[in-house]
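Next come two complexes built around chain A: one with chain B, the other with chain C.
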Partner chain A sequence: MSKIKQKDLILYSGLIILGLAAPYLFSAFKVQLTYLCVLIVLAMTWNLQGGEMGYNTFGNILFYGLGMYLTASVQVGMFFPLAEWTESGGEKTFVHTTAQYFQGIGVGLLVSAVIPAIVAGAIGYAILGLRGHYFAICTLGLGIAAGEIAGGIEIIGAGQGFTTPPFPAEIVDTEARGKFFYFLSFALLISTFVFVKYIYGSRFKLILNAIRDNEDKAEAMGIQTMKYKITGWMCSAFFCGLAGGIMGGLIGYIDSTDVAFDGREMGVFMVLMAILGGKGTLWGPVIGATLFHFFKEGLWTLILGWQYVALGVLIVVIVIYFPEGLMGWLREKYPERFGEVIDEKDRKAQVELK
Partner chain B sequence: MNKIAKLFVTFISAITLALVSFSSSFAKVEGEYIVLGSAISLTGKYSSNGVHTQNGYNMAVERINKMGGVEVQGKKYKFEIIYYDDESNPKRAAQLAERLIKQDGVHYMLGPYSSGLTKAIAPVTEKYKIPMVEANGASRSLFTKGYKYLFAVLSPANQYLEVAIDLAVEKNGGKGVKIAQAFEQDAFSQDVRLGILDAAKRTGSEIIIDDKLPKELNDMAATLAKVKATKPDVLVVSGHTKGALTAIRQISEMKVDVPMLAMTHCDAAKLSKQHGKKSEFALCASQWHKNLSYKDKFFGSGKKYAKDFQKEFGYDPPYQSAESSAALLVFKDAFERANSFDRDAVRDALVDTEMQTFYGNIKFGPGGQNVAKPMILFQVRCKGDDCENRVVAPTKWASDKFYHPIPKWSDRS
Partner chain C sequence: MLMVQASLDGILLGILFALIAYGMALQWGVMNIINIAQGDLVILGGYIAYTMYLAGIHPAWGVIVSPIIMYFIGVLLYKLVINKVVDRDLFISILATFGIAIVFQQLMNFIFGADVVVAQSEYGTTMLFDNSVTLPNSKIFSAFISVLYAVALVIYMKKSRLGRAIRATAQNARAAKILGVDTEKVYAATFGINAALCGIAGALISITLTLHPYVGLPYTVRSFMIVIVAGLGNLPAVALSGMGLGLFEEFADYILGTEFRIGAVFMLLVFILVYRRFKLSKKREYLK
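Here is the complex of A and B:
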């Protein structure tokens, strides 16, 4: 791993301080900030798969939804009969104590990271042999199928949905819940970033890039591409599952197709954010997700009824004017700031040739 | 990296500044206005019912404001509602509820449309101790979670079609019937299903088809093919507006003969207008019908409400609009009895609500559901090409006799 430069150190510590102070500075916006953290995590995990490895997936929503259901199920199932909790006709009311709530969510999050990773490994083994569009289409089905299946499983509420345990009533502070979920998601964001940053300095990233740029060549050079592809997707699923687990607790209500396996929204957003910021870069997904979230929160309500039209226009604009994303665009405009050396003579010669 | 970092920092600080300047939240009562908040489905799969709900709210706000508003501590206040579009998505609804409460400073909420969205919002309002009067979340599971700030003016979902099964059994000479059922996979319809399961057990009826329908509902041919083959006595379908429309369209296309067809959301779907004679004899559960004889001083009778609504919005009010209007009457009543804007005082006043509105009697049970109002059933009946909904049960309100069995398609002109 390369040593952290002083400038970077200032930037990172600044951002961390900002992140830690944010829920106090903008107390009313805690939930949006939590969403922002989760969106950034989703964009970054997607970028690992779609940007670095070049395997455009629409299936990451599967891990997100899986994480959501798993966390909630474990949190309830550890202390109460899950079937009775989700049964809507049931007259019983179960209440978690403070300790039970936090123990439950802790274990739940652990499970929600590990199981999606295992599932990613298993599915990856089966379908990562597909390439290009075939892989994309194949993963498109994953989220949809998962939503339909989850909508039929009675023990997790089926079509009724799953109400996650309410925040312990013993904690009187109404801000506590917001803070808890914010810091949880912020911690997830930091660990995801550190992990991705670590990968960026490793041989693993180069292998993923090699797979993206020319898989056959990579294989010919003796890289066991399948192994790395599966590992890459498992890393992606690990953090995706955690993000889902946190979101489930925050939203408080899990619906099979609209909240958990929400391919139409979250599933598309994570791709869009990564592309907006610039896929295949470290900061791209972060910037993309941030911009997207502000765009969405700021403008969405001003254009009621037209928001999806605006979103469509945004997608078109991104694809036409920023095909490489904002980071890619900046890189093209100011290559020297990205540490790329440009031979002025050579550039001029090329321009003349054109 | 240096310049990029600077750019990034500038960007972040710009946003920070913008956020700080927006942070100042509004008060729950601004000048002469009592501000209510609501997330409503203006787009997405519930958009038509979302608009019915919004129209109902707006109609009541306008009427109450025009007739003197709300009197609290000797001062007159008017209602005002902040709306957001929840896109028929529970995740968005929960987020918007948070936004209404934290950023817009709303202290009193009106419900969204559909049980699923209400289920998503209730934990939020509960957390902040915000009283919410909702008119469109009927799922029974809403009332078993011990929510203290949730009040529903409507009857729970499991009661919707239970009566229909009783009717079928009665027509069958008291013997159990064969039931075919298909329900959308959402909180509300699944609750209607539980009601039918209870009724089937109680009456010794047998469920021979039990299908699930997808959320974006536009085809149920597979279920209907099974119905054709197995000949049940009753076909029960519930899937909001789209479910009702799809069912009638395909039943008439496939010429499915079934002696009794029971559904929900017929009036919201404007079934009798959209499908005319094809929808005749369909039996529908409804929270309200304009011919019922309830009264209040703001809207007068149901018939008068229907007339005024028609004038304002150009269509006959479905029950979704009526119950939404009733929600505001409940709020007004509670504010005046509480004689304060203290949230807990208002909440306590809501608990003690006991009133009659044009929509029906309202009294909240321990879980927050309305226990004072029965469900009604109406049947679509046609004279020539002119079809309308006639109340057939319960007998107290019935204007027409229940027509049974539905004639075969070969006998219908």
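Here is the complex of A and C:
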């Protein structure tokens, strides 16, 4: 046991050092690296939901978009009137000082984590009573409805969008903005990973798995499934909201359907990344998101204009041919590495049966 | 008079939705898949009629040409993708058809452009109640054609050999297979018929409403909603709930404003599902 732990320690410290050094090593790709961190967080939180609990959601985009709007609104609303800011280029009349900017984003991120979690808790009882594909379609509807409704609300910019506060001009270092958002997202990534890792070692994860495998039986065993389902969803919402808040600051501009409640891109990406890496594993979503991001960035510029066609084809291919993902495939191939003991006799007998 | 206007608009529109929902119910009942690309098939059918309009043919002929083309597209789609998701988890079919929907949207965007288009039928309008209610004749035409096709399809399903095979497969695919039904062919034909229905609906939408590459998903959601309210294979209920949805939408449009129309449709979906979930949970059951 101690040997494995030592190996883990080396792995984790190596990854953290790599993560801390990355913005200096790949200085030109800071925005991409920030995206990567956010994508991994989204994939991991989706996995908590879809992979562990078996509730395949398209609706986590709701919390992501909510977090984005909340962070920006709080950041502006703390110091200036929100309505005037969004009305007509308010970002030119009102300027945040450095202190105001960081105070605003700090409080904003706090709000953007707590409110989505509360929302998830509030709607959880109603929505999580649905199962399987009804849950999937219902959450899809929620995500899109949120986008459509946000696009009609005047105070947050309605159809023409919401410009988030620009990074304070008093900081002369041109690299500062990129570094700030990178380290913010990296911190989010680490805290998400630690949290998910903690869950993986807990009874909570087993309960979620029980719900996934057979909810009726889990209930019959005396587990109050609804309580755990809502808790699970709230955990996802918490980190999704934070990820959204950071992304809003990074992109600098919030549009209701194209950036915030972007079910067509982010909403599908998080499902796809988790499935690509392998649902229901700790490392699957991390690997899936990394692969997906490299693939996307590599291909996006090459096949300009055709990226959505490629994305659609990719979804179909992954879903049909690799529903278990990379980790699932590895698990099939090398079960011993995953701590599964295979009876050789049994395996041979099965082969003969075929 | 606004009430009468909205009601008539809603009912005529609802009949069109019911036609799409019938296709949805057909494939769901027979093949046990949920097709997110349903709405995009509708829009594609609409663009076929629009192309005819651009070529100088009256777009109303689209209701004959479009289903024929769409049938073959549907069969092709089945052979390429759908046959691999038929026996699997419903979520896989949702995700796979989501992928297809994205591909369709983008291809339509390339071919037909991202503008909102409409094919002019030049049927004129009917004025009712001293000119206070205007009713485009194209809407009456579309409702009439929808009813015509729906009735024809019901008769076809009852009487023809393929119709019986489809119904047998829906009841029990394995038993049908044992009794010599080529279920693979039945599935392909079912998906083709569904696509053809979408083609008809699309051609009608091209003359009554507007077309745009990215408006498919609301049609999918509408048909899904109608099916979960009406149940699978209950045609009168499908027609009724289609009209109900049409009414809801028109009134939402008047009361909340056009910018919230699509949002209201999606919220209605959430409310219907949640309502049914609470109703069933009293009996300790859940939506299956």
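We adopt the following convention: the second predicted complex is superposed on the first by the 345 of 354 C-alpha atoms of A that agree within 3 Å, B and C clash if a C-alpha of one lies under 4 Å from a C-alpha of the other, contacts with A are read in each partner's own complex, and residues count from 1 in each chain.
Throughout what follows, a contact is a pair of C-beta atoms (placed from the backbone, for glycine too) under 8 Å apart; a residue touches a chain by one contact, two chains touch by 3 or more.
The model shown is predicted, which means the values in this text are computed figures rather than measured ones.
When the two complexes are overlaid on their common chain A, residue A:258 makes contact with chain B while staying clear of chain C. Contact with chain B, but none with chain C, is seen for A:294 once the two complexes are overlaid on the shared chain.
In the overlay built on the shared chain, the residue A:308 is in contact with chain B and with chain C. Within the superposed three-chain model, A:148 lies in touch with chain B and with chain C [touch as defined at top].
In the superposition on chain A, A:163 contacts chain B only, with no contact to chain C. By the touch criterion defined above, A:11 reaches chain B but does not reach chain C. By the touch criterion stated above, A:25 is placed in contact with chain B alone, chain C being left untouched.
Taking chain B and chain C in turn and counting the residues of chain A each one touches, the greater count comes from B. When both complexes are overlaid on chain A, the residue A:198 reaches neither chain B nor chain C.
Residues 148, 151-152, 159, 305, 308 of chain A lie in contact with chain B in one complex and with chain C in the other.
By the touch criterion given at the top, residues 5, 7-8, 11, 14-15, 18, 25-32, 35, 88-93, 95, 148, 151-152, 158-161, 163, 166-167, 174, 177, 247, 250-253, 255-259, 262, 265, 283, 287, 294, 300-301, 304-305, 307-308, 330, 334, 337-339 of chain A touch chain B in their complex. Within the complex formed with chain C, the residues of chain A that make contact are 56, 126-127, 129-134, 136-138, 140-142, 144-145, 148-149, 151-152, 159, 264, 268, 271, 275, 305-306, 308-309, 311-316, 319-320, 323.
On chain B, the positions that touch chain A within their shared complex are 1-5, 8-9, 12, 15-16, 19-20, 23, 25, 42-43, 83-85, 87-91, 94-95, 98-99, 102-103, 116, 119-120, 123-124, 126-129, 139-141, 144-146, 158, 183-187, 189-191, 194, 198, 212, 214-215.
Across the complex, chain A is touched by residues 34, 81, 84-85, 88, 90-92, 94-96, 98-107, 110, 217, 221, 224, 228, 257, 259-260, 262-263, 266-267, 269-270, 273-274, 277-278, 281, 286-288 of chain C.
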